[in-house]
Amino acid sequence: MNLRKFAPVAAFVAFMAAFPWMVAPFDAISHYTDVMVFAGIFCLVTIGLSLLMGFAGQISLAQAAFFGIGAYASAILTGRFGWNPWAAMPAGAAAAAAVAWIVGVPALRLKGHYLAMATLGFGVIVHIVLNEEVEWTGGPSGMVDIPGLSVAGVRVLSETAWYYLVWTFVAAALIFSYHVLHSRVGRALRAIHEAEKAAEAMGVPVASYKVQVFVYSAVLASLAGSLYTHYVTFLTPSSFDLMWSVRFVLMVVVGGMQSLWGAVLGTVFLTFVGNEWLHVFADFEVLVYGGILLAVALLVPQGLVVWMQEKLSRRRETLLPRSE
Amino acid sequence: MTSPRFSSSDPILILQDVHMQFGGVTALKGIRYQVPRGIVQSIIGPNGAGKTTLLNCISGVLHPTEGRISFLGRRVEREPPHRIAALGMSRTFQHVALFPQMSVLENVMVGRHVRTRSGFWAAGLRTRSMRREEAAIGRDARAWLDFVGLADAAHLPAGALPLGKQKILEIARALATDPALLLLDEPAGGLNTRETEELGELIGRIKERGTTVILVEHDMNLVMTISDRILVLYYGQPLASGVPDEIKENPEVIQAYLGDEWTPDEGAPIMNGQL
Amino acid sequence: MESAGFGAAWLQYALGGITIGAIYALVAIGYNIIYNVTEIINFAQGEFVMLGGLFAVFFYEACGLPILAAFLAAVAAVALTGLVLERYVIRNARQATVLSMIIITIAFSILLKGGAMLAWGKDPYRLPPFTGGGSILWNGVAVQPQALWVLGVSGIIVVCLTLFFRRSVYGKAMLACADNPAAARLVGIPVRTMIFLSFMLSAAIGAAAGVSITPITLMEYDRGALLGLKGFGAAVLGGLGQFFGALVAGLLLGLAESFCAGYVSSGYKDAVALVLLLLALFFKPEGLFGSKEAAGLKRF
Amino acid sequence: MVGGRLAQCVGRWSRIVLWVCVLALMVPAGVLAGGEPYKIGAVFSVTGGASFLGEPEKRTAEMIVEQVNAQGGINGHPVELILYDDETDATKCNLAVKKLIKRDKVPVIIGPTTSGNSLAVVGLAEDFKIPLISCAASYKIVEPVESRRWVFKVAGSDKHVVGKMYDYMKAKGISRIGIMTVSDGFGASGREELLRLAQEYGITVVADERYGPKDTDLTAQLTKIRESGAQAVVNWSVGPTAVLAVKGWRDLKMEGMPLFQSHGFGSKKYLELSGDAAEGVLLPLARVNVGPLLPDDHPQKKVIMEYKQAYEAKYQEPISSFGGHAWDSMHLALAALKAVGPDPAKIRDFLENTKNFVGQHGIFNFSPQDHNGLSKDDLEMVVVKKGDWALAQ
């Protein structure tokens, strides 16, 4: 990794590490750390989705369902069966992985609108089950008093502690995903997106790779769910409905599907827009939210971050004129 | 970069009564043919004769409605393309199917996929064996780029190459899978004469390495100069097969190409590649 | 109080199922029209239904138009919205991939929902049934006249559309645009106006559905999403692009929901409809009436 | 009728302009009265699924602050209302309450609107020791008392509503009922109480149906209850489904089986939407909805009539019982601020010991064991007569 490429990464890590301290003194934005905790949790979901949708080209409107499976698995295992949260987390991830595999095998044979509809249908079914199985999930009135999380005996309570815990998970997921992308597996995924028939002819087992990346995105979403459970200590099915799946897709698309940074920055941007900056519009909030999305989808289809990257790279070296 | 050894001199590919039906249309009617090892086998025939369909059946993109295909002694007519590729068969496509946004080098590296093993976890954790394998993939891919003469374009996006170079790149990618059998689907389509000559020379070098080549092509000049055997398809059926000289003189072949109004005594325009 | 006086419960479930099924069918038809001409799935279709209902309320109550005039005015107003969607949004997204088109239509549906919330507020609204009078007792089953209107409107629309797309030149021209826009242009079909018409037509049909169900189900600004989802399910179940398929699949979906609510568990009613949809997608993606080959050729 | 509607449609745009002016007005008013402003934090579901509860709550809270500031605020301090919309979403509500506590540093919080969102933030009130007065009904908001020291609620618990309903049924000799509940926080908690208290009152539940908040057709559920041999139907939902239940009950000719609604049906808008289909529907209601029917010497009559006139004059809309929750929580908060000033701990103690506070939803008697302070006597059994409420005999 030459220095030039490494510098922006180091700068970003430094900024993120110092973020809670920079924000604390200013009253008006002192609560931004809380928003960043939620943004970090959502980043875990969108990093997996970015690999699945941006790189392998398979849309999924079910991420909120896997987010919910992880959340409720952790809540039930720790709340009702007294498991240690750190054991419940991988168990939830395993459950989400199994469900993702069962649904993924038939669903990922489909393409485009059909795949979107299949994942959407599955997501809504999970939401209905969470709503109806009242004895396990507390149903629509939710589950209360879910135990918190403690690291090495110390209960993670303050926002800053949660911030560092969540963003360590995000960093780990980013590094793991970055490595996957820059390996034969990553190249195979991108090949599937660009010319599926050719990838299959070159020996890439397309069907199984699609399911693998779908399971990977489900595992990340489940881990995010477990963190969310212990942070909010209260769950209602409405936090895992179709609208949240749509929001996760929008976060990846707005940020830019062709880069992991696009997913992360897009998520942070939309989390702040959704929870913070739009309050000034009050009743017009929904209208402005829709307007932003439409503008980005129409004017900057490749996403904000990728658009900025292109602007920067275009200054540095010119590309050969395309032949077709 | 050795192609997998195949024991005896058995034919590399055996087609038995291969039959292909799309709804009412019969694309291939009972084809029986054997391709010996190490030769350049061309398949020619007028448009719609079923050349590409046959290639798709052999490579697993399509499954024949009836009949058996055995490759290196193994039945493959029901196998998915990625498994056939693992057995040692690779191909190019009539309309170039590259990965446009990936670099030239990365396209060829995907070719190495079938010959390498590290999985999702190994990739994510960058285990030592994975890193060693990645280095090998890089070396092999560059070697194949040198072999086809595209080394200098390694870091350009594949989509940025002119058509001629894209065709060559697709061959390099196919070669990177260390195939025992290479299927080329109209590689000369859209090339000028100089590029076609280079292509012929490249196919010769591929043959020298012991790789069997099946060439579907319209450019008669190219076919006649580099083919060891030629199979002529006509409306989904084999019309004739043999060495280039026999095919040149074969009246039925000429008839098939020129349609009914030609009569044998007008000479064989096919000879000087006018088609 | 034994139910001697009441007809078999299943008949009541069936009628309820058919009524709501007809609405799913109309929404599905809206999807198919646009899909037939542009292969786009317009996720804002549900909002057209909502807008139809709310515009009708505005014309009927605020402007005092009689119910029929309010119906036509609402259909026209929503058709205008469809025009705006095509003219200012879809037309600028020419090279959009399947995915970004899905995002664009979702963003537009959020815009419509936000706008409706501002204009009509957050409360539910009601329209009087087209023909007055309460429900009639028909061999023990209570039948609402409005339900008959819903079925009537759906039936008429399906018949007209099937004729339009099969018999009339305009209809065939629209279908040609879907299969091969370039070729359609070559033979002189104004592809742009065809796409334009398809969006207005599908918006109008969505509105008709919205107006006819509002007397039964009331209408509020965020009612569109669920209707859109169920309608899309029916469209896929019946085979994308098939009108007759959409009608049958819509009714099937409505009946499945109603009988599940009646005999299994009313909580899992929506789940049954979605399981049906998933089974269709996994095992018969071309839908009940689509042809396998045609589905195979669809480019995605 | 048409003129009114037209005014209302046009009124909507002018109201938005009005709302902006109110906001503009509030700032200078605060400055005028001098002294450090007393802050009150509020979180309501102004948009999203529960918007028809949150909207009247927001308007009531804003109206009260305007009134208080017009009379010079409290002890010379202007009152500043900091209000956030949680869009009926638990995550957004969690964030909004954290913002109120950390950034705006409010000493007391009123809301949230729904039971689900309230439960999502009780933990925050406890952790950060800020008194929170919820406008939602679920008993879990204030029980178990040990882990809810900082949390109060002003809506009658479902067990009071169910108790009142079952008393009335026993009096009329009804012992077999069919229940249908909406599958959201409101419906689920109602269903729990209906099932839990049934044995106590010797009532058997012969049908237990559920439906979604956005469902458009309840004939299946009603038919099943009609076939179940029940003597009465209980529908527990709020919003459009409450109206659909009434229309379905009428369309299926089930008049022989009386229909009981939950207090969720308690708003004139739903009466108007149900039209004459609602004739004869019975429901327990807080007295805020039936102010004019109360005898003049009734302690609550004065406050109810004041609120009714002020609200309907300002917003040209009939008052709703949900707005009443905001009235109660605001006035409790204002009373505490007046008595002990903006100190969270003192406010908590003051609230916990508030006795016979006359509110819209009853006369509140809080205690360390009861952070709701209401009972079923705070409710009236009401029947719908010719499009309006009437006291049921």
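Here the chain labels run A, B, C and D in written order, and each chain numbers its own residues starting at 1.
Just so we're on the same page, a contact is a pair of C-beta atoms (placed from the backbone, for glycine too) under 8 Å apart; a residue touches a chain by one contact, two chains touch by 3 or more.
Going by UniProt, the chains are A = Amino acid/amide ABC transporter membrane protein 2, HAAT family.
Remember, predicted model here, so these are calculated numbers, not experimental data.
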C-D against A-D, pair bridged by the larger set of C-beta contacts: C-D
Per-chain Cα centre nearest the global Cα centre, belonging to chain: A
Chain whose average C-alpha position is farthest from subunit D's own: B
Computed distance of Cα centres, subunit D from subunit B, in Å: 75
Where subunit A and subunit D are represented by their mean Cα positions, the distance between them in whole Å: 36
Approximate Å spacing (C-alpha centroids) for the pair subunit A, subunit C: 32
Residue numbers of subunit D (touch at least two other chains): 16, 47, 49, 183, 210
Subunit C: positions in contact with at least two other chains: 117-118, 225, 265, 267, 270
Sites on subunit B at which at least two other chains make contact: none
Graph class of chain-chain contacts, one of line, ring, star, complete, other: other
Pairwise chain contacts under the document criterion: A-B, A-C, A-D, C-D
Contacting residues of subunit D [partner subunit A, same complex]: 16, 46-47, 49, 84-85, 88-92, 94-95, 98-99, 102-103, 105, 115-116, 119-120, 122-123, 127, 138, 140, 147, 183-185, 187-189, 192, 210
Contact footprint of subunit A on subunit C as seen in their complex: 41, 89, 92-93, 96-100, 102-104, 106-115, 117-118, 225, 229, 232-233, 236, 240, 265, 267-268, 270-271, 274-275, 277-278, 281-282, 285, 300
Partner subunit C, residues of subunit D touching it in the complex: 2, 5-6, 9, 12, 16, 47-49, 51-52, 55, 180, 183, 209-212, 214-217, 219-221, 223-224, 226-227, 229, 231, 239-240, 243-244, 247, 250-253, 256-257, 269, 273, 275
Residue numbers on subunit A that touch subunit B, as the complex places them: 176-177, 179-180, 183-188, 190-191, 194-195, 197-206, 212, 216, 319-324
Partner subunit A, residues of subunit B touching it in the complex: 59, 61, 80-82, 85-86, 90-91, 93, 97-102, 106, 109-114, 116, 118-120, 122-126, 130, 133-134, 137, 156-157, 159-163, 166, 173-174, 177
